[in-house]
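Read through the structure below, which is laid out as structure tokens, and then see the notes.
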Amino acid sequence: MANTEFGYVRQFEQWDGLPKSNWIVVRIDGRGFTKLCKKYCFDKPNDRRALDLMNTCAIEVMRQFVDVVLSYGQSDEYSFVLHESTSIFERRASKLATSIATAFTAEYCMKWTSCFPDQALSSPYPTFDGRCVCYPKRKILRDYLSWRQADCHINNLYNTTFWTMVIKGGMSNTDAENELKGTVAADKNEILFSRFGINYNNEPMMNRKGTVLYRAYHSENATNGVLSDTSSSRKVADPASKTQLEKERKQKQKATIEVEHVDIIGNAFWDAHPYILASKRGEDYGE
Amino acid sequence: MANTEFGYVRQFEQWDGLPKSNWIVVRIDGRGFTKLCKKYCFDKPNDRRALDLMNTCAIEVMRQFVDVVLSYGQSDEYSFVLHESTSIFERRASKLATSIATAFTAEYCMKWTSCFPDQALSSPYPTFDGRCVCYPKRKILRDYLSWRQADCHINNLYNTTFWTMVIKGGMSNTDAENELKGTVAADKNEILFSRFGINYNNEPMMNRKGTVLYRAYHSENATNGVLSDTSSSRKVADPASKTQLEKERKQKQKATIEVEHVDIIGNAFWDAHPYILASKRGEDYGE
Amino acid sequence: MANTEFGYVRQFEQWDGLPKSNWIVVRIDGRGFTKLCKKYCFDKPNDRRALDLMNTCAIEVMRQFVDVVLSYGQSDEYSFVLHESTSIFERRASKLATSIATAFTAEYCMKWTSCFPDQALSSPYPTFDGRCVCYPKRKILRDYLSWRQADCHINNLYNTTFWTMVIKGGMSNTDAENELKGTVAADKNEILFSRFGINYNNEPMMNRKGTVLYRAYHSENATNGVLSDTSSSRKVADPASKTQLEKERKQKQKATIEVEHVDIIGNAFWDAHPYILASKRGEDYGE
Amino acid sequence: MANTEFGYVRQFEQWDGLPKSNWIVVRIDGRGFTKLCKKYCFDKPNDRRALDLMNTCAIEVMRQFVDVVLSYGQSDEYSFVLHESTSIFERRASKLATSIATAFTAEYCMKWTSCFPDQALSSPYPTFDGRCVCYPKRKILRDYLSWRQADCHINNLYNTTFWTMVIKGGMSNTDAENELKGTVAADKNEILFSRFGINYNNEPMMNRKGTVLYRAYHSENATNGVLSDTSSSRKVADPASKTQLEKERKQKQKATIEVEHVDIIGNAFWDAHPYILASKRGEDYGE
């Protein structure tokens, strides 16, 4: 049969399962969004509608992928953190990256009108690329999230200053760019304050901190996403039973998804929500 | 600065460039399309509107990704063949798979209404997973395409027979399934013909062969997608000049994309369109 | 120049750097050692000379590769544990595996005569294959070592019983094999004790536990392999200075290599030598 | 049982099988041979005994690994070419690289005395690192070999000139180095000829061309390494029968290994020995 004759080509597919016991981040980035911003006249430096749309899409992705324990978004990018113990898609990198990126893209296209009621989306439509990165330790994962939030801060301070100089200050793009060359944070704060009376710290939290999504558990039985039964010993080799997993899945689906614009570089957020990066039953590596 | 402190996390991104001089196939598959078919009451065994939508999306993907030399689609899957010499996205697997899968998904969502005017798309929206596979030889790539077309034939013959037995023959799904167990192609042809007067070979080509997309070049200068200047010697180490590449890119964009439902297992199609899998200037490996 | 024309082939070398912040184990295994055992009439179930030779070679490998923090050997295999922070060979898997495997092989061939003074080594000479495996957490690395030591125990109990039945008990290989089929540890202990008066727990520790190699630091300044200055903060992105690294290197080279046949499944060994798997200055992941 | 509890660590071993239908080159390089050359006072620019030893070891490696179709060596490196269809070690990169590198190392250590009868080998012993590289086309494999032979030529011309200037010309190393900076091949030829009466083209072929090893088949049945029965059609999915493979294996083992110092950049060598890189029965990719 024909299929027998050609089936050997399957051997060319290389297995791309990500190593176990690593936190997986799927980060998606808008493709060619500089053009898109212009095409739809996004407000500068931040377009509230566009950020709302990003957040709405990310919330839906988190609902669909229950192993995502936290998401962090800023500008046209979003990072989805999958628990180190996830076995979704057998941890295959391509499955993960494409499933999350296409889910996000579909939402973005379909929900566009609710955020931009006056502007119909036209071809070429918005798309996102994506990639998986593994972080072997909780500490390093937190540093990854800090890196993205620090990036948000740096870019937003720059963009706020630049666009204020241009829009309110009437400077040309080139003049503003040249003046900002080599300035540090304090310089930009000073420009904003002394020339325009703007205290950067009063800018919207969403612009300065980006957006953090995580699950909140409200039922009296659920102990913050960690099932009460934690008595069993290490279970890496002997994964939780199907019933147990199904129970957890339902619990996660019932959880509400919280949306916050909050610092995640310091410890306060994590101390307040220890369950987000908690080990699964019996998988405490002593981290 | 904060970014210096956390920037080390970038070192955890593993390079995923695909090996040079391999044909790259990006295959996308509808996620959970069994459910989707039911939700939107797709016709059985083939829904003409759904296949048209798939093809429309694939044509647009080919327009956007000019290094795709041929695409083959059937059912809810599409394979995009990138030339072995492509350097798109530095051949990074995740970039390639997510860019093509999200482009396809965006089209699918946005063009849905044109193919299904009576049924609004509702959440959860259709999505596609994707993966890259490398084929080191033209011959093996052709075997890959043959494998997909043989798969199309096998599935379509089965589905046509099954649904005819159920819809026209009034059998239950279980009865039809049981009767078809262990049958070969000849048996199914016989069932269709003797009981329902259907000659399988008269079924629509699109259902039996799937859909082949490729570029056709009409300008008098273009010699079928291969630039006339092939005098230069091997150029793997010394890629074509930017001007040259830009010229080619424009030529490809001006090409029309042909849509055919034709056999690609035999040699006739390939003999008629030798330029599709032709080597690039100076890269003839003697295959 | 010719080299320019052909140099493009270098692009086919794929980067094989192992992910950062993972413990790396290089395990080597004797190739075709069943044959070798017969050829040189190794004593059954354990050949003291052969085990001594393995240990001698491993000690030399540890001297040459100062980033190896611990080695564990049994039978014809040895596992070399490289600290999670090592940057030897830029963590390239093939460099690491081949450098360690060939160093071990060279020692094995050249030191053979000192352990087997009466038997000249003849072609084909002994060789070892090797591989790198990454363990993202200290706890998992310890489970790996426990796995090898448990394997040592299981095999040695079986082999001791089998060969005692054959050599002392005069049974045929087949009869002994058949009788041992399906037996558990207690059964084998009983056979040894009741039929041959052998208390398995009195067998040599080296046979029962395998061999553990680690560095011991004796100078008054060295605090067990961890430099006294641990005040500096996280340094993943900003690796220790060259001077510092050179200092450490010398300290490690001056360390003596301890050889023990001791349980490493329980905590006692690790509690007594906490520095072996200790974090490097400023790289505490809270594990 | 203990092993069940810890066995999960096996999941951390990543599969490293190389893609099918690619020529595999395992190249080994002497580790720290600059030091070794000094320690054992190798003759400059080429030490005949050292090159002989390299070749002797490579011949033995080719005898042991019958899927090696050709080997090329120069200086302290050797490249072993495995046929694109090889399934040795399931094409696992680490197995391949370590098995070949340790086999070479063992030979080098054990045969040392036969080439250097007056100098006993002392610790640290010579070792070799190794790596696998895949080449998807015969043409690219040939370019790889050309690259190594071009490299041999460039280095040997430089070294011959440099050491002649130093040894015969009495120049200091620094003076010779400075004078050679920026010179091209013609300049070096001129220096050799006009100052020292040396015609570079009369230098030994081994030094100028390196060493090529390949199998020669002498039996009347064998048609140069390709079994006479080539009638069967494509067999990638349906590999040759065990009997067939065993037959081939024996034939290869009976082949003599030819040692030549010959140009492999041009076509003459390959035209004279077409079977070396010939496709296996039924696997002709039209290259």
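Worth pointing out:
By letter and in written order, the chains are A, B, C and D; residue numbering begins at 1 in each of them.
Note that contacts are C-beta pairs under 8 Å (C-beta built on N, C-alpha and C of every residue); 3 or more make two chains touch, one makes a residue touch a chain.
Computed from a predicted structure; not experimentally measured.
With steps allowed only between chains in touch, the distance from chain A over to chain C comes to 1. Chains that count as touching both chain A and chain D, per the definition above, are B, C.
Of the two chain pairs considered here, B-C and B-D, the higher C-beta contact count falls to B-D. A centroid comparison over C-alpha atoms places A as the chain most distant from chain D.
Here the CA centre of chain A is 30 Å from the CA centre of chain B.
Distance between chain B and chain C, defined via averaged C-alpha coordinates, is recorded as 49 Å.
Computed from the mean C-alpha positions, the centre of chain B lies at a distance of 42 Å from the centre of chain D. Of all residues in chain A, those that touch two or more other chains are 5-8, 12, 14, 19-21, 134, 140, 236. Here chain A touches chain B in the complex through residues 1-3, 5-10, 12-14, 16, 28, 31, 60, 64, 93-95, 97-99, 101-110, 121, 123-135, 140, 143-144, 146-147, 150-151, 153-154, 265, going by the rule given at the top. Per the touch definition, chain D reaches chain A in the complex via residues 4-8, 11-12, 14-15, 19-21, 234, 236-237. On chain C, the positions that touch chain A within their shared complex are 19-22, 134, 136-140, 236, 285-287.
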